[in-house]
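Before anything else, here is the set of structures, which you'll find just below.
Paired with chain B in one complex and with chain C in the other, chain A is shared by the two complexes that follow.
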Partner chain A sequence: MNNLLVLPFLLPVLTAVICCLFVGRPGVGRRVFIAISAAAQCALAFYLAVRAFHEPPLVLLMGGWAPPLGVVLVVDGLAAIMLCLSTVVALACILFSYAEIPVWAEQPLRLPLMQLLVAGINLSFLTGDLFNLFVAFEIMLVASYALLTLEANDRHIKEAFPYLAVNMFGSALFLVAAGLAYSVFGTLNLADISRRAEAMQGDFGVMVVAVLLVVVFGIKAGVFPLYYWLPNSYPILPFSLGAFYSGMLTKVGIYVLLRTFGTVFPHNLTQLYTALAWLAGLTMVLAVLGAVSRNFIRGILSFHIVSQIGYMILAIGFFTPLAIAACIFYVIHHIIVKSSLFLIGGTAMFYNRTDNLARMGGLLKASPILATCFIIQAFSLAGVPPLSGFWGKYAIILVGLEEHRYWLVVAALVASVLTLVSMLKIWMGAFWQKLPADGTADPEAPAAARTMTAIVCALTLISLAIGFGAEFFFGIAQTAATSLLDPAQYREAVFSLTGKGGQ
Partner chain B sequence: MKATTDSFLVRALIGLVFLLVNIVSVYLLLRGHNLPGGGFIGGLMTGMSFILLGLVRGWEELQRELPVPPLRLASFGLLLAMITGTAPMLFGRQFLTQYQLHLDYVPLIGEVHIGTPLLFDIGVFLLVSCITVKLVIVLARSTSGLPAFTPGEVPYYASELEGPIEETANKEDRHAN
Partner chain C sequence: MQIETALLVGLLFAVSVYLLLHKSFVRILFGFVTLTNATNLFLISMSGDPDGKRAPILAEGSGPIVDPLPQALVLTAIVIGFGLTIYLIMLLYRIFLDAKTTDASKLFLPEADDE
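Right after this comes the complex of A and B.
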């Protein structure tokens, strides 16, 4: 009886509903309530993570119906890690948004929708059923469409349109893929699919379902030919939401790719892995070139999301146990660093009232702490030792050398150098150079900026801890990878429970 | 653009059509647990019936005549569904566990089999139908030259630039960088 498993989904939904029904108007009380709820979700996620790492995967049969008839929720190591990350980032972004906007200017639906977004993301980590995953994606996407356009002006709505169109296309394709999976395997339960797919290895249907799912999750993750919806739509978000989107949304795609390849499908889809690895190489290099070409902070950071996605997909493409562990480690590192960079951008915008690099400047003097945080996180993103990004990239490149994929290794190194270049562009523009004549600056740092800097510092400390405690975090990633790559353990956990309608 | 139609037949019959569609949708809702149907499909049908009503009678009037704000009812539906799911957890059962009640004879109806899934379905029904109504009203109003939100709703839902689409599209961009 693991009813706790449903709470990471239930708590945000209830928070959102209570906000909509009983406290429609923004206010201090509502803010406190949402912050407490977010903190509770965070604590719950860490409790689940501790349990998931000391026990076999936790399973909840919804409504008591046994798999494969019923929908199951499963928390194993990887899902627990993702839950922790999503709740931590959500908490940071919610607190940041309190400092970003005064109570009277807050959009009343923003925080409830953000909670629904968290609920959708958490459900997609929890679920052990393909159709339920589709539902989770829909909850997440509908909330994200609404949030993207909630505070947008006309021009922003134009940028949101490709996001909407591409993701709706992806959802339709996902539905087709789920239908096809049902006709090929006769079940939608992930554990059951993995059992049947193992028995029908080499079957053409398995390959078709796998390819379709890769395309769908590739769209969600933003892999090379399908990423153009991302870099233009994220910059229209306010920074606090942009940080959450950039941290979590594409990583849901990575998570489901890991889940489908590691647990669901048999580990012999070699051609697919190779194709993924090459697409990942292209993604890294092309997206980082896009980042270098941009001249405002949100634009640069948004292109970087795609570029970094390339590293994770590359690790999945190598598909050795070490590569999968590196991928998980990279996800941990990336979510924290990317969100905190967005939040640093938000704080910088608070000082300069713009995030256009041509009109920013003087931040090194205005806020040395912020500058320190930025330089740490920027070097970490680029992969300078001993920061967190280095260990992830080191492991991925090590695997690449072992597997003799030299061109991909070269691509990864080139992308790293260009990442550093574009990060230095932000550094020179916003922090190092003097404030240009037509720039604006808030000379007095108000209390809000201090709160923002504190949140950013906390995230930077987490990221430093990941870098200096790399051994511990890599150990966690390896444990998660081992259990991810062991479908037998997953199946046993799911099928060991008895319920109504069992076999 | 005038949203109403001038056909007398349609205007005269819309009340009847609205009633019929909703009877079918409630029927679908009630049979839903064991047969094809359920809250989602029923909710969509009810939403469609409101779209018909709006097309014929005009969106202004539809909005005026709605007894409750749709989004509040939708949130209530979601809350109802969640409570139905959560209640068994208080008794130590799994989330969404269902309880059934079978009555062999009820006067006038006969054999009745009801359970908590019906409550869940009613929640989904409210959620889906009300969200549909709300989305369509906002879209239809802003494309037919009316403000998307009534003055009472503005502080709750509207963002700064909300207004009829044609109107704001021609204004200069207030957030130009």
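Right after this comes the complex of A and C.
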């Protein structure tokens, strides 16, 4: 029954193709179809997650070719967690977009492209082959380029160009890295690379490939000094798409960094870990300063993505088993909280018709539930106990103190305080202050506003559950981290299967 | 063959980075085109020294053949690069229609309704 592994990729692709070829026009039926498909993907991801946590990693040989000849798909604990998160966030964003835009105003290509984006993201979690990973990244990026410019107006479309240029440069570097990996290791299968890299420990070639991959995924994840494309390009997206981009796209970079350092390369690249940790410290502080300087919701939240990426990279930079578990926990918390904050911003914009803080206000009175959700998620992002963000940051800072990296701990704490400052800026501007004389706080469609608030509430409840059930979620993260850091288990799962052309 | 290819790849990368750092979007486009070609050449050169080796067609006799895998990879990479180039051209065309210029320093002027 391992054939199921291809479905998290195949289902969104099929949905997109059916929508483009047979149901070209937006309509209620098409919306229901896509929602059902998204819900099915979600259920499938959770089913795979339950299996992945009770069994050794699940492996599917594409075309029946024995590894390392063919492409393999592998689902272990971490991949399963990421699949669950991406499908849940996709479902929430799709439902939110139904409330955000009436059927007649919907761009016909938007939902199919979003499904292709999900397909690319899921494939990059599933794949166990470096070149296939490149293809998955390209599917994801091409869909993201198209969505970014699909509904942009004249002024916004210019902001998209730096995003395109930086990401295309990153993709070219990825291709170079893949070619180099093939010439150094003689294979592109991740399990096989890990086997050969172990035998080549200390070899200069291993280091070169590792550094190139760090640069590539650092660009994709938005690490200092190459993050400036992100906070300027995300604000041009509609909120429902912005939530999905901010939740998932950069986290694919984090996932691949975890995968390459945990499973593929030998665990002795100490200089590289130190470099990553320092870059992470700079990313956290500089990006959060950017967030404090912005005065509209999407801008503030976009800078926060980069700042939070810093925490995850910092955990990877410490590279102890506890730090990796903390990083995985942080990813779980971050994806849910970040996406829901974007969706809260979208709902706030629906009430105020703008997301410029100077012209917003009165939302505490207009929608107390929304304000409650916002304050919970904002405190969670800043790391106030007992909310979900606290536990991830606590574990990361604990590791930092154990490792005597005091300056990096200071940077993490400063960034955390500044996060709270910029979140309070949104709170004061949009929720607390009185409505400006020329502003409005009545949504055009109250029913749609209620649907949006319900979706936001559901995500807030998930995030509360992560915070209060931290022991359970940290247990999951630790299980995933243990299997991630055990390349032998990964290799055995892949090479135990036989197929065509086996040795 | 190896050293000439290495020099050519280096030259192409230098030209493309030089072009990518320009303000004009047209130059960025040409920088990207050069970049994809540099990458593809790099990828195909990963099959090693081709001197004295045959094309990888097994039906046509025996002897050492060049490694066919990078050739398969480069085919995928060419298609992806081509698609992206078309996308960039269309985007550039739209920017030109909107703003009647492709110079980034003139495009990014702050406007009155900037949020």
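The criterion applied here is as follows: the second predicted complex is superposed on the first by the 499 of 503 C-alpha atoms of A that agree within 3 Å, B and C clash if a C-alpha of one lies under 4 Å from a C-alpha of the other, contacts with A are read in each partner's own complex, and residues count from 1 in each chain.
Throughout what follows, a contact is a pair of C-beta atoms (placed from the backbone, for glycine too) under 8 Å apart; a residue touches a chain by one contact, two chains touch by 3 or more.
The structure displayed is predicted, hence computed values, not measured ones.
Chemist: If we overlay the two complexes on their shared chain A, which of chain B and chain C does A:Q107 touch? Say first, second, both or neither.
Modeler: It touches chain B, and chain C stays clear.
Chemist: Given the touch rule stated above, what does A:M168 touch, chain B (first), chain C (second), both, or neither?
Modeler: In the superposed model, A:M168 contacts chain C only, not chain B.
Chemist: So in the superposed three-chain picture, is A:F131 touching just chain B, just chain C, both, or none of them (first/second/both/neither)?
Modeler: A:F131: touches chain C, not chain B.
Chemist: Of the two partner chains, chain B (first) and chain C (second), which one does A:G24 touch, if any: first, second, both, or neither?
Modeler: Touch status of A:G24: first partner only.
Chemist: Once chain A of both complexes is superposed, is A:L180 in touch with chain B (first), chain C (second), both, or neither?
Modeler: The second partner, chain C, only.
Chemist: May I ask you to decide whether A:T354 touches chain B, chain C, both, or neither, giving the answer as first, second, both or neither?
Modeler: Both: A:T354 reaches chain B and chain C.
Chemist: Report for A:Y145: first if it touches chain B alone, second if chain C alone, otherwise both or neither.
Modeler: second
Chemist: Counting only touches as set out at the top, which of chain B and chain C does A:V6 meet: first, second, both, neither?
Modeler: Only chain B; A:V6 stays clear of chain C.
Chemist: Tell me the contact category for A:K158 with respect to chain B and chain C: first, second, both or neither.
Modeler: second
Chemist: Which parts of chain A are in contact with chain B and also with chain C?
Modeler: Of chain A, residues 154-155, 354, 356 contact chain B in one complex and chain C in the other.
Chemist: Of all residues in chain B, which touch chain A in the complex?
Modeler: Residue list for chain B touching chain A: 71-72, 75-76, 78-79, 82, 85-86, 89, 92-98, 155-157, 159-161, 168-169, 173-175, 177.
Chemist: In the complex, go through chain A and note every residue touching chain C.
Modeler: By the definition above, chain A touches chain C via 131, 135, 138, 142, 145-146, 149, 154-155, 157-158, 160-161, 164-165, 168-169, 171-172, 175-176, 178-180, 182-183, 188, 296, 354-356.
Chemist: What residues on chain A touch chain B, complex-wise?
Modeler: So the residues of chain A touching chain B come out as 1, 3, 6, 10, 13-14, 17-18, 20-21, 24-25, 60-64, 107-109, 150-156, 354, 356, 499.
Chemist: Help me check something: in the complex, which residues belonging to chain C touch chain A?
Modeler: Checking each residue of chain C against chain A gives 20, 25, 28, 32, 35-36, 38-40, 42-43, 46, 48, 69-70, 73, 76-77, 80, 83-84, 87-88, 91, 94-95, 98-99, 104, 107-108, 111, 115.
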